[in-house]
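Residue numbering begins at 1 within each chain, and the chains themselves are lettered A, B, C and D in the order written.
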Amino acid sequence: MALIGPAFGSFALLAALGVVLGRHAAGRWLVYGGSLLACLLLLATGIGALDAPPETLVLPVGLPWTGAHLRLDPLSGAFLALIGIGGAGASLFAVGYGRDEHAPQRVLPFYPAFLAGMTLVVLADDAFSFLFAWELMSLASWALVMADHRPDATARAGYVYLLMATFSGMTLLLAFGLLAGTGGGYAFAQMRAAQPAPFIAGLAFALALIGTGAKAGLVPLQVWLPLAHPAAPSHVSALMSGVMTKVAIYGFLRIVLDLLGAAAWWQAVVVLALGGITAVFGVLQAVMERDLKRLLACSTIENVGIVFVAIGLAMAFRANGIAGGAALALTAALFHCLNHTLFKSLLFQVSGAVLVATGTRDLERLGGLIHRLPVTAIAALVGCAAIAALPPLNGFASEWLIFQAVLLRPDLPQWGLKLMLPVDGALLALAAALAAACFVRAYGIVFLGRPRSEAAAVAQEVDPVSRAAMLIFAALCALAGLFPGVVIDALAPVVQPFAGGRMPVQLGEDWLTVVPVDAARGTYNGLLVGVFILGSAALAAAAVHRLGSRAVRRGPAWDCGFPDPRPITQYGGDSFAQPLRRVFGSVVFQTQEQVDMPRPGEMRAAAIVKSIRDPVWDLLYVPLGGFVARLSDRMNGLQFLTIRRYLGFVFAMLIVLLLALTVTQ
Amino acid sequence: MIDPVVLVLLIPLAATALLAAIPNYRLGAALNAAACLATFGASVGLLLHRPAAGAYLLVDDLNVVFVVLNGFVAATTSLFSASYVGHELATGRLTPRHLRFYHAMFQLMLFGMNLALVANNIGLMWVAVELATLTTVLMVGLYRTPEALEAAWKYFILGSVGIALALFGTILVYLAARPVVGEGLDAMVWTTLLAHARDFDAPLLNIAFVFLLLGYGTKVGLVPLHAWLPDAHAEGPTPISAVLSGLLLNVALYALLRFKMLLAANPLALAPGPLMIALGLLTVLFAGVMLYRRRDVKRLFAYSSIEHMGIIVFAFGLAGPIGNFAGLLQMAMHSLTKSAIFFSVGHLAQVKGTQRIAEIGGVTETHPLLGWGLVAGVSAIVGLPPFGVFAAEFLVVTSAFAQHPLLAVGLVVGLLLAFGALLLRLTQVAFGAVRGPLQPVRASHLPMLAHLALVLVAGVWLPPPMVAWFQHVAELLG
Amino acid sequence: MNGIALAGAGWGGQGLLAALLIQAGQMALVLLAAPLLVGIVRKAKARLQRRRGASVLQPYRDLRRLLGKEVVLAENASWLFRTAPYAIFAATWVAAALVPTFATGLIFSWTGDLIVITALLGGARFALALAGMDIGTSFGGLGASREVMIASLAEPAMLMLVFCVAIVAGSTQLSSVAAYMLTQPVGLRVSLALALVALCIVAVAENGRVPVDNPATHLELTMVHEAMVLEYSGRHLAMIELASALKLLLFASLIGCLFFPFGLAHAGSAWTGYLLAIGLWCGKLLVMAGLLGTLELSIAKMRVFRVPNFLGAAFMFGLLGVLLLFVSRGM
Amino acid sequence: MHGLSFDIAHMLAGSLVLVSFLMLYQVRLTALLHVLALHALVLAASVAWQAHIQDAPHLYVTAAMALGFKALLIPWALRRIVFRLGIHREIETVGGIGLTMLGGMALVALSLQVMLPVTAMSDPVAREDIALALSVVLIGLLMMVTRRNAVSQVVGFLSLENGIILAATGARGMPLVVEISVAFSVLIAFIVVGIFLFRIRERFDTVDVGALDEVRGGRA
């Protein structure tokens, strides 16, 4: 806790510096360098708090009679560490990347504020501080989204984003109002102590789910995410996707697991259902997306869904008193949060590097960057493999744990859970496979093949600092995948109070094998899998080179007899996605393709038009927006009445009130 | 040593006379600012030395904050006004003669508002509110354009009816008090009334409250009594818009609160809570919807003021220590924030030569300080942290949801509606492609920054004495 | 604590060395047997078509010839294109080594479970699809695009049947599952039957067999797997061919050890037991090769966009099996 | 004595209500102005009577103002405006006379009903007076709402205000009555001057901001 003060102080100082030195290069170095140090401080504090008793602090600010309560317990510590890692990575990347910022004075002041907001969310121990930080985080990130404010798309993104963020804040406000009761017990300690009636607890749960889900990106509250995350500068996108969604998940955990206490099983069913739908929906959107950063944002939705599935599992087990299962699922959820922070930060950094190098995020204008950006390409490959859940990287480790949790107890007593668990397993499996497809596409189109535009053909590798940041994160992805036991053991004290138990100690196992429950049920050893793959690949390569031919000749690619050297003959992003679009998109997204083929003799070009509709947008937001528009059109007439009419209102009001008075008396 | 409360009244009154006599507008503007600052100084004196309640004047926990706030906002507005009218004079929209009138009226209005705040006599309070209203009517019509006259006329007529209804209510309060307190002046002295309110005839008090609610509610801008408010804000000079939103609405609401205390002190009287909640909710929802079709930037923020008055009345309707505290806090915060917004908007409208939202764009780029000031102001007014309105809205919504879940949901819908509209327009004005002229404006940024800084501080930390006063008042409000 | 030690405890006096030897023996065995299986399938098809067909050893000869040839790389091939064959081979080999072919309880069996095997195959496919896209020809992209579409359904179907089996056996560990199937009176269960059907469909799809793909085709527009490897030559092609042969063997062994586990040796069996198990395994493979050949001859290849329905059916079978298990343990 | 004073006060207040009804009945502006003068006259009488029975000489000032200002000056000024604007022949009401009268009756009933539970009033004169004053106020408001013409609306406002003065003077011993009536007179003077200066012929009604908005190109 002692390090929190300096961290906050430096964030405040850095924000001020950002205002003053916004336009100077020194500002960039100071703000990002300072943020990097502060984030490392947070990381240290967070890791230190994992295994320590909770510390509390009450400051005489905030709500007058409550004060600002801060609390650092293992759960906050875990997420603090997460913010530290993600923040440090983004800051380090930004030291280099920020050089290419068009308007640094629009980014620098808000960047530390954003970090400070997120930090405060996980430390807050009363409703006021929590929401204060929650909304501050939204506001600061909104300002960052608006950094490149000129395009109409940004205006729309920022609008939808802040509106949804405020919706989330308002919903949480209601949830806290319910938990605080009429007495105004806003401190979390009071809320923990209170035992709300089942109905109240259920309502609070629903509100918390909506409120935090809107911020994390649960379907159908995710619409802002693919708009806002890409609009921000890439290092901010990394923070928003990699860290802020986790802070939202923290909010859910804090309210539902901690403040509400034991949950009813139907709540787990709701979380499982939403999580599963979100995972598949997000990745389906990602696989069809042609903007690189939007693709990454959609994939964030998918991962949020996966985490919520894991949390739902933990709730289900907890509701049935299965401590081991709850511990497994919750550990998996937290581990996946960490992993997503690592590889999504990495991938957004990659997208930033690509953007700097080529000036575009459009898949149809990229290609062949593996030749021009060799280091970025390696880091990107690791990130894509990790997010595609390939062993031995980290994404697989956490998804494997979640699958183990799904398979753990098929004999739960409630019918809802009995049905939901296998369905969720199927949805997760589908999501995992689609994620692999999605990132084959992303990597293949961006880095492989031939460049699809002049900019991609002449791209230059990014600066060394950015490269270092990407390589560090790639290494972290690999490390977390090779040694998952370290993370699992570190998370044990976080999980313990909520699950009522913990996973078996992992570090004592032979060869660092991961044992979710007991060895007979299934084990996984990332390190050995990694060693085996590397070893056998090396063995094969050595043997082949020793025993077989080593000769290499370069020649033209096979053109099937129709030589057309233009890169446009390659598969592009849209063409690559076409089979998937036809298989999955036609149902969910009503995708349509219209081919306009000129008749023989006609000289015009053939054309294909594809259309994708977002069902969530169409079914929920468009009608809602239309309703408000119609209502305001209808009501607008009231602005233009005559004075006599307005007097009529006064008169009518008076009569109504007097009548009411006579009736009540 | 003259009593500061007398100074608070005398300085504006003297300045009115002086300013009416001075033809030089530059001197007038300076003197106006000086008088306002002096009044502010005197009001700060009230914080240190609070005179005992008299038959006519009273300074207590409730009004001391608002008197100081009044002094402060008036002082900053006078500074803003000085640069604002300079520009208006340069563009020929106003003449020195207008300004002489304007400055005198400004002080007279200040006098009226201060008098309404410190009056311990409900009759005197009524007179003072009427005075403040009439002076603002005159200033709203200052530009003499058809629209300005239209707005002033509308304001005047609706305001007059409101005044009449408020007077009727005041008479009824007197009638209720007379049998208990006795005839004469004492039966109109608020402190005496409060002391004896327990024994008043409850039905009479109820009827009185209905009339007072409608009468002063017209000034507050409660729907459906709000019609004058948007036009008056949009067509008058911007300093007046700032003062209208920032102060006059508060003064009217303050008057209403005084009477609510009487009702709260009488166990038999009807609880005005449900009525105020209903009116407040209606106001919030209505204003939220109306915000969407606004094309004039000042009218936009006028509707936002209506919305906030709705929230405040809703909060007072909720009552209880939290609801009342939230209402008081919201009053103070709204007054500071909204005037800051009008300072920014006023300069922006001047530089762009229009108040049409569609013709203003990208101002954070062309006028960073004004533009970001507007962004901060709007963020504050919609209730985002780290600004003070957030604390108030937090308290209102949480305590409402604990008591009346459905109503709280309605309130949240209204807040979100308003948020959506304001954010939409803010995005248009502050960001996006640059629209409108680019020349720099000779703006005084100090008032805006001072207000925003205060709102920011209040969002993080409230001074303990103020909290204590508000808590005491919240208790009295029932 | 260990479960792992427990798994290895059966080794008792035989010692670590023997355990390692058997593990290595299995790895070598699958590597050696894989081309043979391909040869047998081809032979079976030829015989059923009343052709003589090439020798069952022909795949070995092909591999040897490919290994000896020089590699012709397309002009803009990157390092990824050159390393991918080894990665594909390694991932597939490790996966194949994790499947108990003739014995359960191998010393490294706890390294990964069925889910890991699925993911390793996914990794190989990931690399292959990327390699297909590296050159920037339309065929590579076409193959990769269709491959990921097929995989996007085949992988979940595979996972569903993994779930199905894992729930029945209470473990995802293949050794445990096989041991369970062997020792417990599992009987005929609807969900296991569904899983078997699903596994067969997935196996057909994963190995690029008719009706999903045709390993013998050379008409570019209908290819999936062959389109991706179109640019490969020499030793690279050899590794890929070997990897796909390994994959076929892997699936055959998987079907064998999950659904027909009789005769599997277990940790601590005598040498004779192991020999018998190897013999039985070869017999199972022969039968399956024959069945596969028959199947391939008896149906026509599907249009690409009918494949999703085919695989969707497998997915649904798997899901249905799991649901039945969740709802009623008796099914 | 007490009974008689009560009766007379009551009668005067009642006549004020009656005259209000008379006002509602008038459709021609000139006639309306005459009734307005009558209204003010009755008010003056009522106030003077209150001054007499309450022994409050300052109320005579109010009575005198009612007589001089409202009964003479204002009707005269309005009459000039009416003639100058050339609308002296205009007849118009919204909803018809009969309906308006019916509404007026309902309002009187309402105000009596509202005042009924008020028990603790020491002196019944006041209670009845207040009930009648409330009727006058409500009818005045009704008139403002139902008439389109600016002048007749001013008349409505005046009668509303008369009702309030009636209430104020009926409240025994109320301080500041004179001041308040002076303040009100100022207000009314403002309105009349406003109509006169800005030639607000019918701006109460027909000229609305909506119409202006079109011209202004959407300043909403």
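In this section, a contact is a pair of C-beta atoms (placed from the backbone, for glycine too) under 8 Å apart; a residue touches a chain by one contact, two chains touch by 3 or more.
Because the structure is predicted, anything quoted here is derived from the model rather than measured.
Trainee: Out of curiosity, which chains are bumping into both chain B and chain D?
Mentor: Expected: A.
Trainee: Between what two chains do the most C-beta pairs come into contact?
Mentor: Comparing chain pairs, contacts are most numerous for A-C.
Trainee: Of the other chains, whose C-alpha centre is the longest way from the centre of chain C?
Mentor: D
Trainee: In whole angstrom, how far does the Cα centroid of chain B sit from the Cα centroid of chain C?
Mentor: Measuring from centre to centre gives 77 Å for this pair.
Trainee: How many angstrom lie between the CA centroids of chain C and chain D, rounded to a whole number?
Mentor: 98
Trainee: Take the average of all CA coordinates in chain A, do the same for chain D, and state the distance between these two points in whole angstrom.
Mentor: 68
Trainee: So, what's the distance in Å between the C-alpha centres of chain C and chain A?
Mentor: Computed from C-alpha means, the inter-chain centre distance equals 35 Å.
Trainee: Quick one: which residues in chain A touch 2 or more of the other chains?
Mentor: Chain A, residues with two or more chain partners: 636, 639, 641, 643, 647, 650, 654, 658, 661, 665.
Trainee: For chain B, give me the residues that contact two or more of the other chains.
Mentor: Answer for chain B, listing residues that touch two or more other chains: 153-154, 157, 161, 165, 203, 207, 293.
Trainee: Touching pairs of chains, which are they?
Mentor: Applying the touch rule to all chain pairs gives A-B, A-C, A-D, B-D.
Trainee: Could you please specify the touching residues of chain A with respect to chain B in the complex?
Mentor: On the chain A side, the touching residues are 60-65, 106, 127-128, 131-133, 135-136, 138-139, 143, 146, 149-150, 152, 154-155, 158-159, 162-163, 166-167, 170-171, 173-174, 176-178, 180-182, 184, 186, 203, 628-629, 631-633, 635-636, 638-639, 641, 643, 646-647, 649-650, 652-654, 657-658, 661, 664-665.
Trainee: Write out the stretch or stretches of chain A touching chain D in their complex.
Mentor: Against chain D, the touching part of chain A is residues 636-637, 639-644, 647-648, 650-651, 654-655, 658-659, 661-662, 665.
Trainee: Which bits of chain D are touching chain A when the two form their complex?
Mentor: Within the complex, chain D touches chain A at residues 107, 110-111, 113-114, 117, 138, 141-142, 144-145, 147-148, 153, 203-206, 208-211, 213, 220.
Trainee: So in the complex, the part of chain A that touches chain C is made up of which residues?
Mentor: 367-368, 370-371, 381, 385, 388-391, 396, 400, 403-404, 406-407, 410-411, 418-419, 421-423, 425-426, 429-430, 432-434, 436-437, 440-441, 443-445, 448-450, 504-505, 508-511, 513, 515, 518-525, 528-529, 532-538, 540-541, 544-545, 547-549, 551-560, 567, 569-572, 575-580, 582-584
Trainee: Which part of chain C faces chain A closely enough to touch in the complex?
Mentor: Within the complex, chain C touches chain A at residues 1-7, 67-80, 86-87, 89-91, 93-94, 97, 108, 110-113, 115-116, 119-120, 122-123, 125-126, 129-130, 132-142, 144-146, 148-149, 151-156, 159-160, 163, 166-167, 170-173, 176, 220, 230-231, 234-235, 238-239, 304-305, 308, 315, 318-319, 322-323, 325-327, 329.
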